[in-house]
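In what follows, a structure is listed as structure tokens, so that the remarks can point back to it.
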Amino acid sequence: MVKMILIAIVAPLLAFSIGLSFMMIKRKVVARIQRRYGPTIIQPIFDIMKLLLKEDNISHGVIFSLGPIIAIAGSILSVFFIPIAGLNMLTGSGDLIALLYIMAIGSLGMALGAGDSANPNASIGISRALTLMFGYDLPLVIIVISVALQYHTTDLSAIVAAQANGHWALWSLPLSAIVGFVVTYGALGEHPFDIITAPHEVATGPMVEYGGKHLGFLMINHAFHLYVEIALFVDLFLGGASNIFIFYIKMFAVFFIMMMFDEVLPRFKIDDAVRFFWKWPTVVALISLIIVLVK
Amino acid sequence: MEKMTEEQVKSIANMLRKRSLWMIHYCTGCGAMELPPTMTSRYDMERFGLAPYVTSRQADILLITGYLNVKTLRRVITVYEQMLDPKYVIGFGSCTLNGGVYWDSYAVIKQLDRYIPADLYIAGCMPRPEAVISAFRHLMELIDSGKADGYKRYKRNLAYYKENQRKVLG
Amino acid sequence: MNILLEIMLATPFIGGLLAFIGGKVHRWVRYAVAVTFSFLTLIEALVYYNATIKGVVWGSLFGSKLVLQTNPISWLFLFIVTAMSFLIVIFSIGDMEEDKIKLDSYYMQLLFVEGAMVGIVLAGDLITFFMFWEIMSWTSYFLIIYGGKKSVAAGYKYIIMSIIGAYSMFIAIAMLYVKAHSLVYADVAATLAHSSATFVVWTVVLLGIGFFVKAAVMPLHTWLPDAHSEAPSPVSPLLSGVLIKMGAYGLFIVLYGFLSVQLAGNIMPSVFSTPILLYIIQWLAALSIVLATFLAIMQEDAKRLLAYSSISQIGYVVLGIATGTSLGVAGGLFHALNHAIFKGLLFLAVGAVIYRTGTRNLSDLGGLVKKMPYTFTALLLGIIALAGVPPLNGFVSKWMIYEALLQKKEVFLLIMAFIGSTGAFLYVYRLIHSIFLGQLPKKYENVKDVPILMQFPIWVLAVLTIVFGIFPGLAMNVIVKGMKLFGFKPIAYTLFGFPQGTAMGALKVINISAVLVVAFVAAWVLFLILSKSRKVSQYDNYAAGQVVTPELKYNYSFGFYMSFGRVIKSILKLGIERIYNYWVDAAKVFGDYYMRRVYTGNLETYNSYIVIVVTIAAVAILLGGKLW
Amino acid sequence: MSKSYELFIGPNHPGIPGNFSLKIELEGDTVISAKGDPGYLHRAFEKAMEGRYYIQNLALIPRICVPEPDINEAAYAMAVEDLMGVEIPERAKYIRTIVLELARAANYTFWMGGFAGTLGLYTLAQWSFGDRDYALDLFAEICGARVYHMYIWPGGVRRDLPPGWEDKLLGYVKYMKERLIDYDNIFFKNVMFKYRTKGIAVVTKEQAIEWGATGPILKAAGVAQDVRKDDPYAAYEYLDFEIPTLTDGDSWSRAMIRRWELENSLNIIEQAVKKMPKKGPVWEKMPNPLKWYVPEGETYAKVESARGEHGFYMVSDGTGKPYRVAVRGASHTHMFTIAEKVLIGQRLADVSHILVSLDVCPPEIDR
Amino acid sequence: MMDIVDKIKGIEGVKVTVQRENRIFVDVSEDKVISTLYNMKLIGFHQLSVQNVIDRIKDNKFEIFYVLYSREYKINAIVRTWIDRENPVIKTADKIYPSAHTWEREISEMFGIKVDGNEDSGKPFILENWKDLPPMRKDFDSVKYSSEHFVFRHSEGENE
């Protein structure tokens, strides 16, 4: 029991710090790609703390304030369903399919909050976010099905266990892994899929009215989000890990490759992004699925 | 004892605030021309934790980059009032100080701090990126020592500022 | 005890007549009678919880016995029918105002529909079934046309489609009668077991057309969007939540009461270890899911959006029922219950909004969360349930269907089911955003939340979404027990979900919700510690430095998914509806003279038609039997 | 039933180039009307110039257009020279050419970053803003200021080039040519760039001529009209360069025209440095500033700016102050006659890059 | 060069002066200006570079000029006309040169000239809440206005 409570406290903190470390590294690496020196490495901590300590905050209503809270609650919930380094916290209570929907709780909360800000920019941002989600969900679902069929289970910890000793899904399902990588871009809203917040078009979209502690919460949520998406990729295709360091290294490797593509692509228009996802990633994922079926 | 801790909290908050100053993305005048170099690879003000942000709710610093004509002043006041405390205003260039070369213009206001409280001025037309950065460093010092209290002054002397604004904006 | 079954069947009919007569005295008499009798029916239904009663003979026709029966599956639908009807009667009292529409026989029709549906569910033979089926069709038609001028056109469409379905069913029943000379379910099943494959397929297809029309499975869905959206606010949930479930119930009876998976597997080839007939039904259901989702996303009318969503959700029910595995069928039946709950909730909540604002046009609304917070919360629960997000009820049943499909490796259907579910996020968010979020139009500044009489049914349903979401075992008790009677292997379940082994993964909703609540509270506490936020008006808003005024059109609502619409333009152009509209138009021209005479809009005359139609149906059965 | 909604792009919005406001009305995500709202940068230049001596106005004119101030100085100087009938020395002509082309190159570099930024590629923005700074360093060396140079005077240029400046200039040209390859690789050859800009906001040849477009918009539509060729000023008549044209007239063509113009400018600088007389006066002596009377008359002087034709209509009444100066900025037409029409039917996602591709410069409109 | 001058001279009621190479002044009376512009466009002057006003306060006239350009002949022609300073009205040229529309908005705001046929004339364009004389007129004193409306900074510490 004590151990359970301890895990319940440690796991979100761990997830948050991993996500935060990615945020830190990203700003530095991006700066170097852009031929800049870049901020101090702990700059995101300053940003978040400053936002949380703002003396004045505005709210457009209860739902506006609840939005970021639900977002964080949803993200923390999904952290528990992703086995990290041998810890299977709640994986017995919900499987991969449940996780796909659990991950949507946070987005829904965010969407509600942004909608309550009574700003068309925010509404457009949400409309784009949901459309993009619809876009990348198709290939995502297909690869999730392929992995589930490959290992005959939808239990994430069982999937991780089946990939032990280097039998990664990356080797058995290389096509799905590639699609999964592309989908992670979309899910994280990295370039070229940063359509949701595109400042030149919709002035940061859903975040347009958020400032102060609300925005701080959203940044915290972003750290969780980074963690969840990448950890899911690692668990599905890179076989998870037996201890936290190896897990971190795997996650970092994925994230680092993502950053390399991140800063050299202009962004899609939203319908082009959906068309993109429904074209090549879907076709490739289907091929991979058919291979699994036939096997 | 309790008061002491409160002050400590405030000083810690100030220390954090000065390390992360977000500047609103509003080019009010021609001084905005020297901001891109300041922001980007040559001078890179992100080194000091400064970054441009889009909307009034997100930003901490309002940079009045040069002359303000009456039409813009109205928007600047809107933006300033939408920003969240603590917020800081930097007057950029001589026009914000005394009207600069537009001393005789019917459209340009001559003194920024009659309408919104300025924490800091940067002289020159236009100030070089080095000057801008040094101003930011100076602002950080002011924040650290708690002297950058423009937003408090605005609240305290609201009637004064509103009266001045009303006179000009009509 | 046995006599009660007949009393229960009679209760709503009696109530309906009494309400009609009482209404002449005073309207409150009408309300009291309607509420009492619908409540009585509900109580009587609850008595039969998990009971199995076989063959209560209540008459005979053409040598075939007329039988009433009940079993847990029937009870599940009985519960849906009676509970929803009760709540809708209460909602109607608040919503249907005397001075706006003549209410002379509204409650009678309402209770007649309820009675007809109770009859369908309790029927133990096909004649009883068909009789009540027809009564349901006609009475519900009269309910639909209460909604004003447009609804009459929608009603035409509905009744024409229903007649087509009824004829198809009628032929099948006649065929069975000729073959078996008895239309009691057990006899029918026994006959089919010894019939040729062609006969079985024809029977099932013809019956299926009738059910598919009612259940609005594509491509027989076209009546639904019009009828559901044009019907009066309290009738829409009855149609969407309950009436279309009758199609699903009929399908279940045909597929597993008359046939069985083994039998079907014996007489026809299988695909993915599913008999091909079931597989085709699955595909139709999956197509309904996806296409209706796409159409729902593009709607600009709140009730039309929900109507298309109903087509999509009933697709899940049919898909689940047609899987043929214990998990899938249980999921399908559970989804029928869940859909009734959340769709009823959504229609009632939207009805409440229409009641206050007078429009159901999404782009005219906005920002009502500040004015109608209770309705907002209920609708929020409804959309979360519909989108299938844990921990509310829609999630569990969808999860079961997904797992069943995954177990059978029917991956393409599974992908389509998933897509429909993600698409649901889009349209449900559209619904809640356009009504409750965004800028509040100036004309709605004085809007208040709806009266308690209308909130009560909404909140009962809202609580049910949570109850069945966290305790799926409650419904499983009934479903699993009932499915045993139909020869399914029982699935393992707990009160809170499904243990490892039932499906390819485990599920325990209580843990999900508990952690969610804890995480939420933790985040909230952190939020509250920090400095307080100040409430600002909706006009104090970022507008790129400009000032927002009430005159500024600062609300993004129309064409919410216009960019997405570009992507699916080619799919939407398929135009099933256009072909249908052509035929409906033709039928309209043909029947216009007749229709003008018959559908005068005078409800007094309509009541007599019901009896006439039942008689005609009976005569038709007689003639059909002889001619065959 | 309200189908449309209104959005403000600017003034406090990253999607607008400068302090300007565009009110767009949209249906879904499609623009159905766009209205520009200028005046946020109005400083009453034309009024102020009437009240000042010719020498004082030198300080005022570069501030009319911020990204490329030298064109104002050149046009002003040419108008005054025209009225006074002064011919400027040979070397001054070349120096003016070099300075104008350097400013043009700097402006296009700056524009490139802004354009890439609106498409979401911030890397190029970071690179090119940084690279533009090297051009500003060169300016700082000849006149002491990075942005407002006040270097081109009536009668020539203010002072001779500092020793060794030409080499630094050539070094800059060489550096920029190398960087251009990087820019091409990251942006101009990028598939996503073509995907986003091809066929967007087309201004056809007929429309461009009818609406009075100049500069890159006209060149992108297929008309080779350029003041440097048609009515050569400074030393352009001695130099060999081509006017690039494309035929599509879409956002992509305009971007490519600017990219080639940047290369063109670098080439012109190289040529001009080579051909420039190594010695000689750079300033035809002007009268004492206080007795600097310009003969009565009216004239129109024009130069080619990065955005199109930039002109000064100057009226003198024979006193020491100009009687009336009217400024023609290319953006004036581009914004109100072209952008407002072209934006209709476009998508919200494209609005800001269309504005930047038309290169609307608000200070030029407001003055 | 000369043949084009001859062509312009063919337009009714114009007075042509050649200032220098490529600069021609075409003076017309107020009522002929639109037809002249139309004919000029037919001749090949396709582009309106700038249209603005000079306040000739001594003559009590407004001078309105249109700078036209022809790519074909590479010539700038400047069409000038004079109207009375009292109740000044001009006709719009935006049917001939679309870009004139905006120039006319500016003129009508800055000089208080009414533009017939231009629906945007008289609406606020650059200025906001302007209540004084149109600012570009010679009798509007900018220095006086600004010292009346704005407070200049004189010495330090005068704030608050």
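By letter and in written order, the chains are A, B, C, D and E; residue numbering begins at 1 in each of them.
By definition in this document, a contact is a pair of C-beta atoms (placed from the backbone, for glycine too) under 8 Å apart; a residue touches a chain by one contact, two chains touch by 3 or more.
Because the structure is a prediction, the values reported are computed rather than measured.
*Asks:* Any chance you could name the chains that touch chain B and chain E both?
*Replies:* The shared contacts of chain B and chain E, listed by label, come to D.
*Asks:* Of all the chains shown, whose C-alpha centre falls nearest the centre of every protein C-alpha atom combined?
*Replies:* A
*Asks:* As a test of understanding: of all chains, whose mean C-alpha position lies farthest from that of chain E?
*Replies:* Chain centre farthest from chain E's centre: C.
*Asks:* Where the centre means the average of the CA atoms, what chain is farthest from chain B?
*Replies:* If we average the C-alpha coordinates per chain, C ends up farthest from chain B.
*Asks:* Counting only Cα atoms for the centres, state how far chain A is from chain D in Å.
*Replies:* Taking the mean C-alpha position of each chain, the two centres sit 44 Å apart.
*Asks:* Compute the distance, rounded to whole Å, between the mean C-alpha positions of chain B and chain D.
*Replies:* 29
*Asks:* Using Cα averages as centroids, what's the distance between chain C and chain D in whole Å?
*Replies:* 65
*Asks:* Just the number, please: Cα centre separation of chain B and chain C in whole Å.
*Replies:* Each chain reduced to its C-alpha mean, chain B and chain C end up 59 Å apart.
*Asks:* Residues of chain E that touch two or more other chains: which are they?
*Replies:* Only 126-128, 135, 140, 142-143 qualify.
*Asks:* Among the residues of chain D, which ones contact at least 2 other chains?
*Replies:* 5, 7, 11-14, 29, 39, 42, 44, 47-48, 51, 126-127, 130, 347
*Asks:* Quick check: what residues of chain C touch more than one other chain, meaning two or more?
*Replies:* 540, 542-546, 554-557, 560, 563
*Asks:* What is the complete set of touching chain pairs?
*Replies:* Pairs of chains that touch one another: A-B, A-C, A-D, B-C, B-D, B-E, C-D, D-E.
*Asks:* Residues of chain C touching chain B in their complex?
*Replies:* 540, 542, 545-547
*Asks:* In the complex formed with chain A, which residues of chain D make contact?
*Replies:* Listed in rising order, the residues of chain D that touch chain A are 5, 7, 13-15, 29, 116-123, 126-127, 130, 186-187, 190, 192-193, 195-196, 347-353.
*Asks:* For chain D, which residues count as touching chain C in their complex?
*Replies:* Against chain C, the touching part of chain D is residues 1-13, 16, 21, 25, 27-30, 347.
*Asks:* Going by the contact rule set out above, which residues of chain B touch chain D in the complex?
*Replies:* Counting only chain B, the residues touching chain D are 24-30, 32-34, 36-37, 39-42, 52, 54-56, 67, 69, 71-72, 75, 79, 101-102, 104-108, 125-126, 128.
*Asks:* In the complex formed with chain E, which residues of chain B make contact?
*Replies:* Touch residues, chain B against chain E: 70-71, 74, 97-99, 103-111, 113-114, 153, 157, 160, 164, 167-170.
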